[in-house]
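When the chains are written out, they are named A, B, C, D, E, F, G and H in that same order, and each has its own residue count from 1.
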Amino acid sequence: MEEQQLRQILDYINKGEISLEEILLAINEAPYETLENYAKLDLLRPIRNGFPEVIYGEGKSNEQITNIFIHLIKHSSQVMATRVSAEMASYVQDRIPDLVYNPLARILYFDAEKNRERNKGIVVITAGTSDIPVAEEAALTAEIMGNQVERIYDVGVAGLHRLLSFLPKLRIANVVIVIAGMEGALASVVGGLVSCPIIAVPTSVGYGANFNGLSALLSMLTSCAMGVAVVNIDNGFGAGVVASRINQIAKNKQ
Amino acid sequence: MEEQQLRQILDYINKGEISLEEILLAINEAPYETLENYAKLDLLRPIRNGFPEVIYGEGKSNEQITNIFIHLIKHSSQVMATRVSAEMASYVQDRIPDLVYNPLARILYFDAEKNRERNKGIVVITAGTSDIPVAEEAALTAEIMGNQVERIYDVGVAGLHRLLSFLPKLRIANVVIVIAGMEGALASVVGGLVSCPIIAVPTSVGYGANFNGLSALLSMLTSCAMGVAVVNIDNGFGAGVVASRINQIAKNKQ
Amino acid sequence: MEEQQLRQILDYINKGEISLEEILLAINEAPYETLENYAKLDLLRPIRNGFPEVIYGEGKSNEQITNIFIHLIKHSSQVMATRVSAEMASYVQDRIPDLVYNPLARILYFDAEKNRERNKGIVVITAGTSDIPVAEEAALTAEIMGNQVERIYDVGVAGLHRLLSFLPKLRIANVVIVIAGMEGALASVVGGLVSCPIIAVPTSVGYGANFNGLSALLSMLTSCAMGVAVVNIDNGFGAGVVASRINQIAKNKQ
Amino acid sequence: MEEQQLRQILDYINKGEISLEEILLAINEAPYETLENYAKLDLLRPIRNGFPEVIYGEGKSNEQITNIFIHLIKHSSQVMATRVSAEMASYVQDRIPDLVYNPLARILYFDAEKNRERNKGIVVITAGTSDIPVAEEAALTAEIMGNQVERIYDVGVAGLHRLLSFLPKLRIANVVIVIAGMEGALASVVGGLVSCPIIAVPTSVGYGANFNGLSALLSMLTSCAMGVAVVNIDNGFGAGVVASRINQIAKNKQ
Amino acid sequence: MEEQQLRQILDYINKGEISLEEILLAINEAPYETLENYAKLDLLRPIRNGFPEVIYGEGKSNEQITNIFIHLIKHSSQVMATRVSAEMASYVQDRIPDLVYNPLARILYFDAEKNRERNKGIVVITAGTSDIPVAEEAALTAEIMGNQVERIYDVGVAGLHRLLSFLPKLRIANVVIVIAGMEGALASVVGGLVSCPIIAVPTSVGYGANFNGLSALLSMLTSCAMGVAVVNIDNGFGAGVVASRINQIAKNKQ
Amino acid sequence: MEEQQLRQILDYINKGEISLEEILLAINEAPYETLENYAKLDLLRPIRNGFPEVIYGEGKSNEQITNIFIHLIKHSSQVMATRVSAEMASYVQDRIPDLVYNPLARILYFDAEKNRERNKGIVVITAGTSDIPVAEEAALTAEIMGNQVERIYDVGVAGLHRLLSFLPKLRIANVVIVIAGMEGALASVVGGLVSCPIIAVPTSVGYGANFNGLSALLSMLTSCAMGVAVVNIDNGFGAGVVASRINQIAKNKQ
Amino acid sequence: MEEQQLRQILDYINKGEISLEEILLAINEAPYETLENYAKLDLLRPIRNGFPEVIYGEGKSNEQITNIFIHLIKHSSQVMATRVSAEMASYVQDRIPDLVYNPLARILYFDAEKNRERNKGIVVITAGTSDIPVAEEAALTAEIMGNQVERIYDVGVAGLHRLLSFLPKLRIANVVIVIAGMEGALASVVGGLVSCPIIAVPTSVGYGANFNGLSALLSMLTSCAMGVAVVNIDNGFGAGVVASRINQIAKNKQ
Amino acid sequence: MEEQQLRQILDYINKGEISLEEILLAINEAPYETLENYAKLDLLRPIRNGFPEVIYGEGKSNEQITNIFIHLIKHSSQVMATRVSAEMASYVQDRIPDLVYNPLARILYFDAEKNRERNKGIVVITAGTSDIPVAEEAALTAEIMGNQVERIYDVGVAGLHRLLSFLPKLRIANVVIVIAGMEGALASVVGGLVSCPIIAVPTSVGYGANFNGLSALLSMLTSCAMGVAVVNIDNGFGAGVVASRINQIAKNKQ
């Protein structure tokens, strides 16, 4: 179908328009779908980004989410929405029974290939128990995108031996997602122990000088360890995507 | 009537007062109306600013809003209040049935000339679906002030071709209002594509390092593209006013 | 020549490439010029943005600036560089004698049509004497872009009558650029007096709680007056561009 | 009684203690009253500060407030508590019927001399209607402390003539309290018009780049006008105290 | 002469102009003096604000400062400039020998009535030795404005008895200026000891979490003591003006 | 048992593993307990840190807290959880009746040795009544850890004599915990009066420029007095731990 | 040699120490080298992290840097120091002639295998010319670590077609490093175009509301595009390391 | 002599003054020495705080420092000044040859008892080489105050085994000072390993999101480990004082 769309685009072009605008317009006219005036679904995204458009749940109505799911499911085997409340999930599931909701990760998703083989190589670790919702968002995102995820939770630096006992698992990972609030020191400590890339997720767990995750964010950005890259505060989803893309490289090269 | 007021002012002056204070006092005594001790309605604003005083809904009581509407409607064909909750709107509409309420834009307004001709030339675009309430505040403001508005929603930079397909509409605009949260990159990308002025509105859509709109605000202020000016976070109203004034220039010169 | 380039682009397209990437590549191959590996001069900008690429002087070497000028002058009647030090200007002028340098505005520019007619309608006002360099950057930018500029300096709100004496000039402007440091109150006061759009430029003039322009920036963004849009701290250039674009609308419609 | 307390202190001292600590201890033992372990009422404050300890309502229980009132009323003709909710006020008034509650100012107070003569000289002005609660806190504080207050509300700089019409009242004040949110420009404009001290109160009225009053705070601190001093955001009480003290000087010197 | 100017203004008015702009223009035409295009000297300021326009030294050239002094001296017995470097002072004094320069306060001033009687009542205290330059700016400002100033330096709260030994002097003041860097606690402690208004000046003395004066600024704004108002960081001048105005009330009422 | 665990560790090592990872793994395998996948209880903490792992209540479910208590109680005579709501406490106490809940300190704890002797030497003082909850968290923490605590509440610097009357108690302390909101000046004043270490706890008591405790935090960090160290905003627990450790030194050396 | 060290560690262990501390001590005694008291060179880092310790040039003396190089070169084929000034580089090169200095990247390095084969797959792009020094730090870091790097400079979003013409190169990358100052929008736009991971580096290029890179940092952290992870402001080195690790995965799997 | 001063104070008191002010004045008149008007040397500080007033070098002139040293040396065996430049030190040493200057710590001091016995128990550790100047300030401060200090430098968390090899030294300390810039994770890791109090010093080592030490400061304040208290950024002196006071407790109890 993608091939077909490109041919259609060329048809537009070959009609001989002159202005640059019209050419660009022609190229781009087809491959998105307009839902009333509130959404323009980007149907080229799987080709460009390797995964269909992900729905950001906040600030959308139940009706809008439902409609977007209905349209995206037509084109893709996997579709997911993040930051979805239990109420919203329940509303949408009533209308699209195929969807699955994970309340901890707050992700609502559709997966037509639940039993496909998944790639090993991603480890998700948290400093504390309170960081687990963000970790689940990261892990589930990576799983929906075709990966198998190792979870290691509550191994903060105040009790280093807990972390060290998982060194063998860390050493064979393709990528480690480190999730921590408060001072976020876990990212630096893990950074000192492995040779794969680390995706650090600061969380808003903490109070006072944590300033809603600022302390962990600045801490992770200024880590003294090599190999640490950072995503937004509480952004488990973003970390899951980056990790999945890194893990995909290993697969593609096999 | 305005003429008359100025004459009245001159009468005061010609009585021959000597101190500067009294002169200024005389000049200014007439043209505002005092509602008890909570409001001084500025009746000269249409002459100075081209539009009557706009009511800021937050922090006012239902009674105050109602009273201010009652007085302003006497002097102007258009009167509007922003940041009005549905409850407040309902209260005021019960007492002044001519008012219209737009719940998405949270604007309550009076328009005695609903069918007048409106000026084309303003385009409002948003990066995402969640930015639409701010966009509607901007668009409706411009419409009440006499303009016709083209709305293009959900064309964020993660799927550039959606935006590019609207290039012809962007290229003929007198002014484009760009509304985006998160990193606000849409303002810069549009800035690179058009030659008219751009009014950018950062929104508080996002979380974490968005810091309630700070990321989009700083981003838009430091845009690498030329021709971008910025209004306050979530300030659709402000953008609507500036765009209307710009669009008015085109009309006045016709 | 521009027409010719578009035809050349179509030639590329009509050769029948299939992939979207190649098409886009073809479209865009021609119209920028690569200087070694440090700059890609955007030759389409006059068409898209109505003015050739403006050179940002900071962080570039004397040689780079000189080379960029040499190439841009070939294609445009006006070329300008901002944030240019006197030393850098002197170096470049030794190699390209046609350039003019304004040390107050720190702008180095080429203008092949110095005597063309310019459009009236832009007023630049400052709160204090120390804001004048930013004002000159704004005014000169607008002048190079084809406008005539009225300058009104040192009319801060601590002596309101100075500002009020210029009301007739403010009232007939198409756009007013207000430049102020410290608390930036001038933008709000002017906002209360005129009906045209206002472009406010916060400056870093001040100390302590000014925090390098933050006080004026926040003040202007939260102005209680209608019709105020803001550009970056000390960004006279940006204000000049927006004002020029607004003023151009008036001209275009004549 | 004050005389008596000092004599009592001297008695302690003259007993001949040697260590510095014990002397200081003796001096200070008497003049505060301990309520269980949650409060130490400072009974010397009228002598040192000219007014009894003022109760800060937030973070205290209904029982604590009631008890503190009961004890302070024994020693003073005026006692006041700020930031008192309507519920708390109702609870306390049920137990101490002599108290008066002002819901707008959120002040609960006792005044045994309601009809005493009060000093003229304080003017309180606000930029908008939404600033009135802070203004009432300031005005009522000054009134309880023995002053007569002139209120001028909703005279923001977007309609300068409203403010200018009150110039005669401003010019004869001993002190002006200026209360404004958003960009707080009113303080600077008033600062340019009067020769008495100005106490500026930034309010948290506004949104976005207002950052809960930060814009008005920084603006007032960096005012280009002379004679402006600032108190905390929304701190009407603090402004009332400073203004009362300034006004007291005039009285004392009569 | 001032009288004369007002008459002249009335003459303009009585000629019968109609538009509000022209009237205001007429009123304000006379009483400021334009120096080329860089300054508009406000000659009405002594009448409105009780003291002629004060020159802010930073960002002005030696020539500009000299010229402004030459013009202001013609109309006033006292003229002062703040934030003047030793080099600038030397340049201006070479051309206007009557000026005096205080290098600690960085004030350059003219005083035609050096021996006039001055009003007692202002006390300036500092927490440390490093705060003295700001204190001298405050004290000298108040002195030039006609006050006599008591200086008490280096009495920070780490050695409370130093401060307490000056209680008698503090208790008879009309106003106390408290100048402190670091945590600025001195303002609160003095606030607990006196019943006159306190003008607090945070200084940038300190490092690290002082953040160029932010710690002292926030500390003074949130003081638990009554009667404290704050000016900008390092703004000795501003404190001197407010204190002088307060002290003037006492004098005027005598 | 601790001895035994170390022997077990050596056994692992003596089996002759070669890789560093396995050795470290062996060393650390034993001494933590895994609760499903949400917690890894660090059983070595009493040995390393002198007190068992403390449970951070926020972000954990009732079931999780209950389970963690059940497991920790098996190994320790004292176990505590902070930031526990009354509802959560009630839930856990229903299942583990031995627990005690202090609603002011929001601490839920188990103490098998309630009547053991405790060490004198810790003083906890607050500036105001509203700071008491944080103070109780600090005091109770220190008590659970084996100390006796002297409480002195509501002795803020606005009434210095209240504080001074407790000098004898302050002078004999091993460590003083100073708890204050607003401008936090109490830490500096106490710092000037004692020769033992001071642990300062900024609280979020206040409003406006307090910025949720930032003013007190910066103030305490930049204190002009010697001997002051700071913990997080509202972190009574942290201060209690540090104070207990300091007080322990005195005991250990006896 | 590494094997040998581990054996040596086991020898220590097998001697039969009992306390955990001594075991850990033994394990760790050998593999770092102490230079006087200012540095402890971590000789295990190549094994743990895949690359020897990288020297951070700032805050070290010429002598210290020289000595650290001398010791690290003994154990590794590649050694590098970042943030090295030209003066420092010259000093060290005089003593160790084998070192190479890249003044743009400010990296001083040793590479014993300059002609080894390098892995393709990393693309470095910048928004502007002023971002090139940071880009060179990233690119050279990746090259020293064994990769081949494609450089694409000055393709900011204000002229999108420049970027689009490089789409084929972006589409085949394993990882893209995006370097941008000002508003950093380039990261989001690239994020919308590729399916590999993106490492974004905000730079401090810009002024005013750029706040030394804060605008680009927040912008990149809140990107609306998937697959973007961020490193510290101006941290080209960090991005180079992460990219190299990602690229290594592809190689390892081949 | 101290005894004598107290007696003198009592003499003053016993004369029978009546007002509280005069009593306090009398008590405090003697024990400080006034140097012109720039300093009031607090001679009671050794009694109250256990150490004479420490001179803060910044913002004082060479003459002032010299004079203060001359006076303090008369009363104390140890006198020290911090933040002293090499130039200032040289000037003062020329006039007071007994002083010693440590250029790394930037401390100038006098110690009449260089060979006295010092107390063991303080360990100072740094994360990197660049943190050493702050560490030396801390260590030397503690030494001058009578302690013996163990220095362990460059043991950051990126190479954990370096730190672990010093565990025996850390375990027997009375107090550990942890000094780290960047993300400051070392404080948390050490916090997890010891049972004594930890004084953490954030340093300004780093760049970008380090924001002059803010990242390390917030990180240390929000540490997940128990027992960590924090002093100001780069405040080695403050940490040395607190550590000395803690270590003193051990000594006093022996």
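Criterion: a residue touches a chain if its C-beta (ideal position, glycine included) is under 8 Å from a C-beta of that chain, and two chains touch if they have at least 3 such contacts.
Since the model is a prediction, treat every value here as computed from it, not as a measurement.
A.B. asks: Using the touch definition from the top, what's the fewest steps needed to get from subunit A to subunit D?
C.D. replies: 2
A.B. asks: Which chains sit in contact with both members of the pair subunit B and subunit G?
C.D. replies: Chains touching both subunit B and subunit G: A, C.
A.B. asks: Given that subunit C and subunit E are copies of one sequence and touch, is their interface built from the same residue numbers on both sides (over half shared) or different ones?
C.D. replies: different
A.B. asks: Could you work out which chain's C-alpha centre is the most distant one from the centre of subunit H?
C.D. replies: Computed centres place B farthest from subunit H.
A.B. asks: More than half of B-G's contact pairs recur, by residue number, in one of A-H, C-E or F-H. Which one?
C.D. replies: Overlap exceeds half of the contact pairs only for A-H.
A.B. asks: Centre-to-centre on C-alpha atoms, which chain is most distant from subunit C?
C.D. replies: Most remote chain from subunit C, centroid-wise, comes out as F.
A.B. asks: Please compute the C-alpha centroid of subunit E, do the same for subunit F, then give the distance between them in whole Å.
C.D. replies: Taking the average C-alpha coordinate of subunit E and of subunit F, the gap between them is 49 Å.
A.B. asks: Calculate how many whole Å lie between the centre of subunit E and the centre of subunit H, each centre taken as the average of the chain's C-alpha atoms.
C.D. replies: That pair's centroid distance is 37 Å.
A.B. asks: For subunit B and subunit E, let me know how many angstrom lie between their CA-based centres, rounded off.
C.D. replies: Roughly 40 Å separates the two chain centres.
A.B. asks: Would you pick out the residues of subunit C that each touch at least 2 other chains?
C.D. replies: Subunit C, residues with two or more chain partners: 24, 27, 128, 158-159, 192-193, 208-210, 217, 221-222, 226, 232-233.
A.B. asks: For subunit C, which residues count as touching subunit B in their complex?
C.D. replies: Its residues touching subunit B are 48-51, 54, 174-175, 192-197, 199, 217, 221-222, 226-233, 238-239, 241-242, 245-246, 249-254.
A.B. asks: For subunit H, which residues count as touching subunit E in their complex?
C.D. replies: Against subunit E, the touching part of subunit H is residues 21-22, 24-25, 27-29, 31-32, 37-40, 42, 44-45, 53, 56, 58-60, 64, 202, 204, 212-213, 217, 232-235.
A.B. asks: Tell me, which parts of subunit G touch subunit C in their complex?
C.D. replies: Against subunit C, subunit G makes touches at 128-130, 132, 151, 153-155, 158-159, 161-162, 164-165, 167-168, 171, 205, 207-210.
A.B. asks: Residues of subunit H touching subunit A in their complex?
C.D. replies: It comes out as residues 127-128, 156-160, 182-185, 187-189, 191-193, 206, 208-211, 214-226.
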